[in-house]
Structures are given as C-alpha cells and as structure tokens.
C-alpha cells in the first residue's frame, strides 16, 4: 500500500486531479441541482417564517463550508510547515478563494434573511459577528498571498498566519459570545424549530431536512471539485514560472 | 539585548518622537470623535470607554510599521540575523520598546482624555487598569504583524488588515472591562480573560514572529 | 414557480446572489485553469525546441 | 576557523543561479569573487553567510564566526557615529571600538549623526563595524563602493591586518583592491538551467 | 502628466493593492466600533454617520504617506524636480491618484458599511453625497501634509499629527451634513461649506504643496 | 548649451563645504570631478543641478538642459524595466526608448520587474534613463558604482557618443572611467571656514 504522501507529488497529484475532476464535478452539479430544486420547489413554507425558510438550503451549507474550509486550510498549512509538500500549501491557497466566496454567500443570505425575520439586515449577534471576523481572516490571508512575490516565502508566511489566525479566531469566538451574551436569542429558537423540529412535528422537520442534507453534500462536492481544479492551476502556474525563469537564464 | 533596547528607545525619542506622536494621535482621535458624532455629553459618556480603547488601538496600529521596517530597509535586520542575538530575543525587545514608547504613555495619559469625553467617575481606575493589562498584548501582536509584512514595500495598510482581526479579542475584553467598570458591573471575567490573552501572547507569539522574520530575511 | 408570498424578493435575492457568486467563482476557476495550462504548454514547447 | 563550501547550488527568486560552487577558505587567506553583473555573487555571499538556505550542497563554518557586510550598512541616521559603532560592538559582545575608529579614520567624525555623513564616510563607518564584531570570517559584498583611493588603501590595510591575525575574508568586488588573495571567477558555475528529473518529487516545480 | 497618473495608478494596483487596502481599513474601523462601544443598535445608529466619516478620514490618513514618501526614498522626486513637469502639476496628479485609489472606493462602498452600523434609511444618499464632496479635500490636504513631512524619515505619525487638525473643518461639515441628512434636518449650509472648502483647497493648496516640496528637496 | 559655474560656494547642513568653484563646460566636453570622500562633490553637483540653492556665486545653464543622476535611480520595483524607462521618456517628452535599451544591453531584461534585478543591472537601468531624457548636460554622481568592467566600458561608450552628439557631462567619480575629459580636483576649493563678517546681516548666523 503506497503512502498517501505520494499524492503530494505535484505530477501525481495533477494526474489524479485530472481523472477525478470530471466525476466529482458532474456529481456535484447533480446533487446541488436536485437538492436546490427539491428545496426551492417541493418543500412547504414554514408556518412561522413563511417562504424565507427556503434560504436555509443555501445559507446553512455555505456557512458550514466557510468554517470547515478554514479548518482544512489549517491542516494543509500545518502539513506544509512540517513536511514541506508544495501541493498541500497550494491546496490551502486554492481553498481560500472558495472559502471567501462561501463566507460572503453565508453573510449575504443571512443578511437578506435577517431583514424579514429580525427586522434588520445586521445585528451584532455573536454568530454573525464571528463570521464577519472569519471573513476578515480570509481577506488577510488572500491579501498576504498576493503581496509576496517569492512563492516559498509566501507559502511559509501564509501558513503561519493561518495557524496564528485560527487560534485568534477561536479566542474571538469566545470573546464575542461573552461580549454579546443574552442579546438576540431569537435566532437559535428559530433554528431549533426549523431544523430539529423541536417545536413542530417530526415529519415537518424531515421535509426540510433531506433536501438540506442533499444541498450540504452538493456544496461539499462542489468544494472538492474546485479545490482539485484550483490546486492543479496553482501547480501549473508554479511550473510555468519556473520554466520561464530557467529560460531567461540560458 | 539591553543595547538593542536602549538603542530603540533612543531612536524613538530622537527621530522626532515616536514617543509624543502616539499620544498626539490618541489625543486627536479623541478630539475628532465629538466633532464627528456631535457634542451631546450623554452620548459621549456612553461611548467614552469604547472610544478611548479604539483610540489607543489605532495609535498603536499606526506606529506598528516602525517596529521593524526601518531596520529592514537599512540592512540592520540582516546583520542582526548573523549576530549572536537570537531573533526571538530581538522581536521581544522590539515589542517591549514599542510598548514603552506607545502603550505606556497611553496608559498614563488615558485619564486625561477620559475627561474630554465625560467618562463617568467610576470608570477611571478601570480604564487605566484595562489599558495597562491590554496594551502589551497589542504591542506583541503588532510585532508579529510587522514581522509578517516586513519584506513587503510599504506594507503599512496590509499590516493593519492582518493585525486588526488579531486585535479583536483584546479589544473586546479590554473595552468590556472598562465599560463594566464605568457602569459598576462585575469585572472579574473580562479582567481574567484580558490578562490571560496578554500572558499567552507574550509567552508564545515571539516564537512565531521570529519564525516569520527568518523566512522574510532569506 | 412556487408561491413565495410576501417574502418573494428576499428569497429570490438570496438565491440570485448566491448563484451569481458561485457561478463567478466556478467560471473564474475554469478560466484560470485554462490559461495556466496553455501557458505551461507553451513554455514546455519552447523548452523542448531547445 | 576554516570555511568550506562544497558543491553549493544557490538560488534567487526560486531559480538556481550558481551551481556546484566549491572552495575552501583557510585562516589568513582572502578569496576574491569575480564575475559580471547579475551572475549571482550577492546570492552566493548571502547563502554562505546563512541568510538564505542553499538549494543543495553544504557550507561548513564554525558557529558564530561569520561577519557579513552588504551594501546597506545598518546605520541609523539619528545616532552618532560613535553610538552606531558602540551598539554593534555590544551586540557582538565587544567593548572596544578604538581600533575600528582608528583603522577607518573616523576620529573626527565620532560625534556626527550618521545621517550627515557623505557617501564615502558612511561606507567607512559600515566597514568599521566589521572590526567590532570580533568575528574571524568576513564576508563582504562590494565593500569599496564610493570610497576614494586613499580609503580603499586603508581598507586594504585593515584587511591585511585581519588576515595577519588569523582571520579570513571572502570579497565580491569589481575593482582591484590591491590585496593578494586567490581569485575565484564565478562565471563557470552559472546554473545551466538543465532539465530536472520530470518524475522527481518537488523537482517538477523547479 | 498622464504618464505620471497612469504610473501611480499602476503602482497602487500592483503594489498589493493600495486600492483594496484603504477599503479594508475602513471596513475594519467600522467593525471595531461595535466591539468597543458595545452592540446596542440604537446607540450604534446614533453615532453611525460620525463613525463612517471618521473611518473614511482615518483610511485616507493611513495611506497618505504612500503619496510621496516612496518617490522620495528612491530619488524619483529629485529627478522629477529636474524634469519639465512643474511640481504644482506633480502634486496635483499625486492627489488625484490618491483620491482615485482611496477616496473613490470609499464613497462607493460607504452604503454597505452604513448597513453594519444601522445607519437610518434616510441617511444613505446624504452619506454618499457628503463623502463624494468631502474626500477630494482630504486627498489634497493630505498631499500637502505629505509634502511637508517628506524629508523626515518615517514621518508617518508626524504626518498624521500635522494633517489631522487640517482635516477638522472638512470632518465637521461632512459629518454634520451626513448627520442632518440622516435626521431629516436642513442640509444646505453644511453642504455649501463643504463644497466651498473642497474647491478652495483644490484651487490653492497645490501651490503651497509644491513650495514646501521644493524646500524639502534641497 | 554651455554650463558656466563661477565663484560658486556650496553648503551642506548649513556649513559651506566648497568655496569659489569656477569652471566652464562646453558642448562636447566631459569634466571629471575628483576629490576625497566628504569633500563636497555631491553637494556641488546637487547645487549645479538646481536641487539646492548656492550660498554665493552663479550657475548658468540653458533652461531645461540638465539631466541629473544620483545614487538613487528612482526605479520602481513593481514596474518592469520597460515601464520604468517609458515613464521617464514620457515625463521628458520623448517617445523612443530603443537607443537607451541597446546602449545598456537591457533587451533581455525588458520584461523583468525592476525589483528583481541585481545591483549592477539596476544601475544600468538607472543610467539608461539618462538617454531618454534628451537633455544635453548630464550631471552624474558616481555613475559606475556596482558596474563590472564590461558595463563600465559600455557606459564610457555611451558617454562618448553623447559628447560626439554635442552633449556634455560633469561626473564625480573615484575610479578611472577611461574617458578623456578634463579633470577638476575639488580639494583646493575646500571651504576655509573663515569667519564671516561679524557685522554682516544673515552672515552672523553662518
């Protein structure tokens, strides 16, 4: 059994990515399409939230992805710092762009949802606030990549930023909870109602739950496809610039 | 190490006062706030602890790029890296010098600025205490940011962008401590958290700073 | 089209914005991938000539 | 106190610029690097000084024996010449700056802020710094830029004295210093841009 | 002149985005305010116009030292002074480039940040209008400050200190305009004053800037 | 296009450093300034170029005829070599950069960001800037710092061509450029530090 580190070979990774990509992409498209269509067209309105409950099929998956993508970046950054496999840090870079879009989607859908539910686009609720901070971390991470010319230096620095940033993100999360405790409790009641069905019938919750699950899977697959694609792109770019550099030399 | 500290302090004082300028900036932010939000004193005293913390944070932030950039540009850092001083020591000293020239004067002057914003009477000791505990963390975290961006020409704004989210926990607990103090509420938790953050950061972050600095130097 | 009631604008904006953002991300990724591959092939071809 | 460089490959901006450089620098010897602009002398010196990692090959030198001087001298404009020198002396654990001051004729300038020196005076101060490091191996990148003939001779004297004391030095320069040391033309070591093993691991990047 | 403008814009975009970073700083100031004054939305919407103006002003301020310092350090300004371009033209173009990369994005993005602070509905058009009229003055005055401090090594904080009082009139009328707009009061006087300041400053200050720049160059 | 300097006194940091300098630079001529470090060559050149006022005496030159090049080349690290050159060409109202590129052998580097050049390559780019100014009188402060022998020769060629075209140049340098021009040793003009007339007006400050 070959070690999984073999996939850290850029050539092997590119090959694998190329074979896997079409399948994952198709699967992602199908799952997402089924999930969203099911959710949008074939689920009833919530008795309290009306049709806005349909936003859940985008909001919750994208919010989950936004957090988990950062977690994945943390892991791959650590791998780079410890084992120095270029692919892993490039995967982090590729994932970050997806992550920032997911964060943005979660923020926007949340804000749009907040207007009818809470009567305001934005409140400084702990959950929303820590999400905004996450968004800032993504922005800083990407800006740092952009600002550095030397690829290895950029890889090292962004990886350290990712790790230090994660620690501070946890701290902020705790701090924010503390800072705004007791305010805007409404959200969690509605969430509980909508998803776990504690204050409605079990059946209703399942009606919402299965399409939601499908959407979540769809978002995950979409993410996987995009990360494969973007990482391969980064590998190609690195190789091109190395070739060009050597060309200049001779 | 001591040579480095005294040199940094000397430089801060001679170079037109890294010293006075942090304070002056703090003062000006505090003065601009009434101009921008309007002069009603009720509103002002509500936001006073927060504004004072925000001002301190921004004054710190603005002076961050002095911590390492000058030494980078004139090659001092290269030479330092080949000297017997460990880089961990260098960044710690740099953070200390930054705090002594920026954080400490703010702590001392804060009550005065509190006056300008109608800070409630009970708030003064808490404001000073929270700044005294919190500003060292700002300097240390700032040094990390400075080390991260030192290679980049005029990384000033990028530095702010990277450092500000890192400042959030300190700001929240610091401002909360000052606010609760002013309102006469319980202050133990934010105080413990603030102290925890400061100690944790002082103990751990210099290693990360030295690491990124080493990467940037090569 | 399902009946969205008084929240039609909200729901549609949410879906619209999300779909647009995702599409932009996907298209940008694909275009960058194409360009990177083309550049790489060109560079490799030049190298093989020499 | 011998500096041994063997089969060193150095890179700048992610590309190898010099390949397979080997030499040995014994105490009492000077080695002068020659080569056209852009060949990679600065890169080589930085690698030897430990400021950047080598791509392959090794640099062996005793711990804490290297003093490096590049174009930027790390002088603080606001501090006086004396304060600048004294600072570096303290960093390197020395206490005496007089030898350095005399060797580069800085006595008259001691009180002046470094920012008000002329180009050549600054350079002299930068070179004086080497003497207060107490290190045995000097690595110098174009040390005589902006110096007049008289100061170049002074510099050569200082180097000769350093060699006589058992030190050694590695200098990259385009001009003639009047030192008798070995010369190494780095031209022949120019990286060929040869194709790396395409099935290699990370090599497929580089 | 056009060559200078395009070069400055190119530099701003390539150098890791003088562009995005001004905005990012604005965003961050706006985010930090609730952390420091607390999350109650009533309080926030009271201070929203003022905070937005203050944020814009600080974002401008932080990027001021990029206007001339880089060109000074690498000798471009010396060369420029011996070139056929009049220095008055140079400083005007520099101010314009600064506004295009900092002020304009702020004007466009301000409504979004208004959301975060619960700016009252009526305030949006006035906020944008006041920023659109006021920010050019900030850039021109800032260029003057930059010209004044350009010789001084890392005059960053000194620059802020000198420029901030000069910003006060613009800030007062700008924030007043936005605040009155949000409260539905009469807005003519502050608007006229703001426009007057901007035009006056654009017409006259470049001469002063060129003058001090010339002094600093010798 | 003659540059005439008569009885010029220049000061740095409020103190006169050179006194009573006079010379004339006719088209087609080169004048090379010599003098030890710190004597005041840079100060003199800056005064002649109009960057700082003279204490007394006059500098007469046709309007807009002087191109000045100092140590700092005003290069932007983020712009490519071509963009850097083209910018200066536009500022000086020129459109052609090819001559400059060829004269300093920059063809291969055109696309490179200026920040990734080696010391000597940067210097070549800085000198190429002179050719795109279209100015007749070049004032150069140690132009060949960091250049290898080959590039120094190229530079000398460029200067010779400039002189043949009716240009002229004033160069401060410590090394031998292989140009045949007049030499002026500024040593004798060193300001005597004589006490100014105590009953003078502003003089009592100086």
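Labels for the chains are A, B, C, D, E and F, by order of writing; each one numbers its residues from 1.
Everything below uses one rule, namely that a residue touches a chain if its C-beta (ideal position, glycine included) is under 8 Å from a C-beta of that chain, and two chains touch if they have at least 3 such contacts.
Values in this document were obtained by computation on a predicted structure and should not be read as measured data.
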Check: What's the chain with its C-alpha centre farthest out from chain F?
Finding: A
Next item on the list: Indicate whether more than half of the residue numbers at the chain B-chain E interface occur in both copies; give same if so and different if not.
Entry: same
Item checked: Of E-F and A-E, whichever chain pair has more C-beta contact pairs -> E-F
Item checked: Computed distance of Cα centres, chain E from chain A, in Å -> 35
Notebook entry, point to check: Per the centroid of Cα atoms for each chain, what is the distance between chain D and chain E, given in Å?
Noted result: 45
Notebook entry, point to check: Taking each chain's centre as the mean of its CA atoms, how far is chain A from chain F in angstrom?
Noted result: 57
Margin query: Rounded to a whole Å, what is the gap between the Cα centroids of chain A and chain C?
Written below: 16
Checklist line | Set of chain B residues in contact with two or more other chains | finding: 15, 152-153, 155, 158, 161, 164-165, 168, 172, 218
Note to self: Could you pull out the residues of chain A that touch at least 2 other chains?
What the structure shows: 133, 136, 139, 143, 147, 149, 179, 239, 246-247, 250
Notebook entry, point to check: When you check chain D against every other chain, which residues touch at least two of them?
Noted result: 13, 71, 78
Notebook entry, point to check: Mind pulling up the chain A residues that touch chain D in the complex?
Noted result: 8-11, 84-86, 149-152, 235, 238-239, 241-242, 245-247, 249-250
Item checked: chain A-facing residues of chain B, complex -> 144, 148-149, 151-152, 155, 158, 161-162, 164-166, 168-169, 172-173, 176, 189-190, 193, 197, 205, 208, 211-212, 215-216, 218
Notebook entry, point to check: chain A touches which residues of chain C in the complex?
Noted result: 2-8, 10-11, 13-15, 17-18, 21-22, 24-26, 29-30, 32-33, 36-37, 39-40, 43-44, 46-47, 50
Check: chain E touches which residues of chain A in the complex?
Finding: 111, 120-124, 129, 132-133, 136, 139, 143, 146-147, 179-180, 183
Next item on the list: Using the touch definition up top, name the residues of chain E that touch chain A in the complex.
Entry: 16-17, 20-21, 24, 27-28, 31, 34-35, 38-39, 41, 44, 115-116, 118
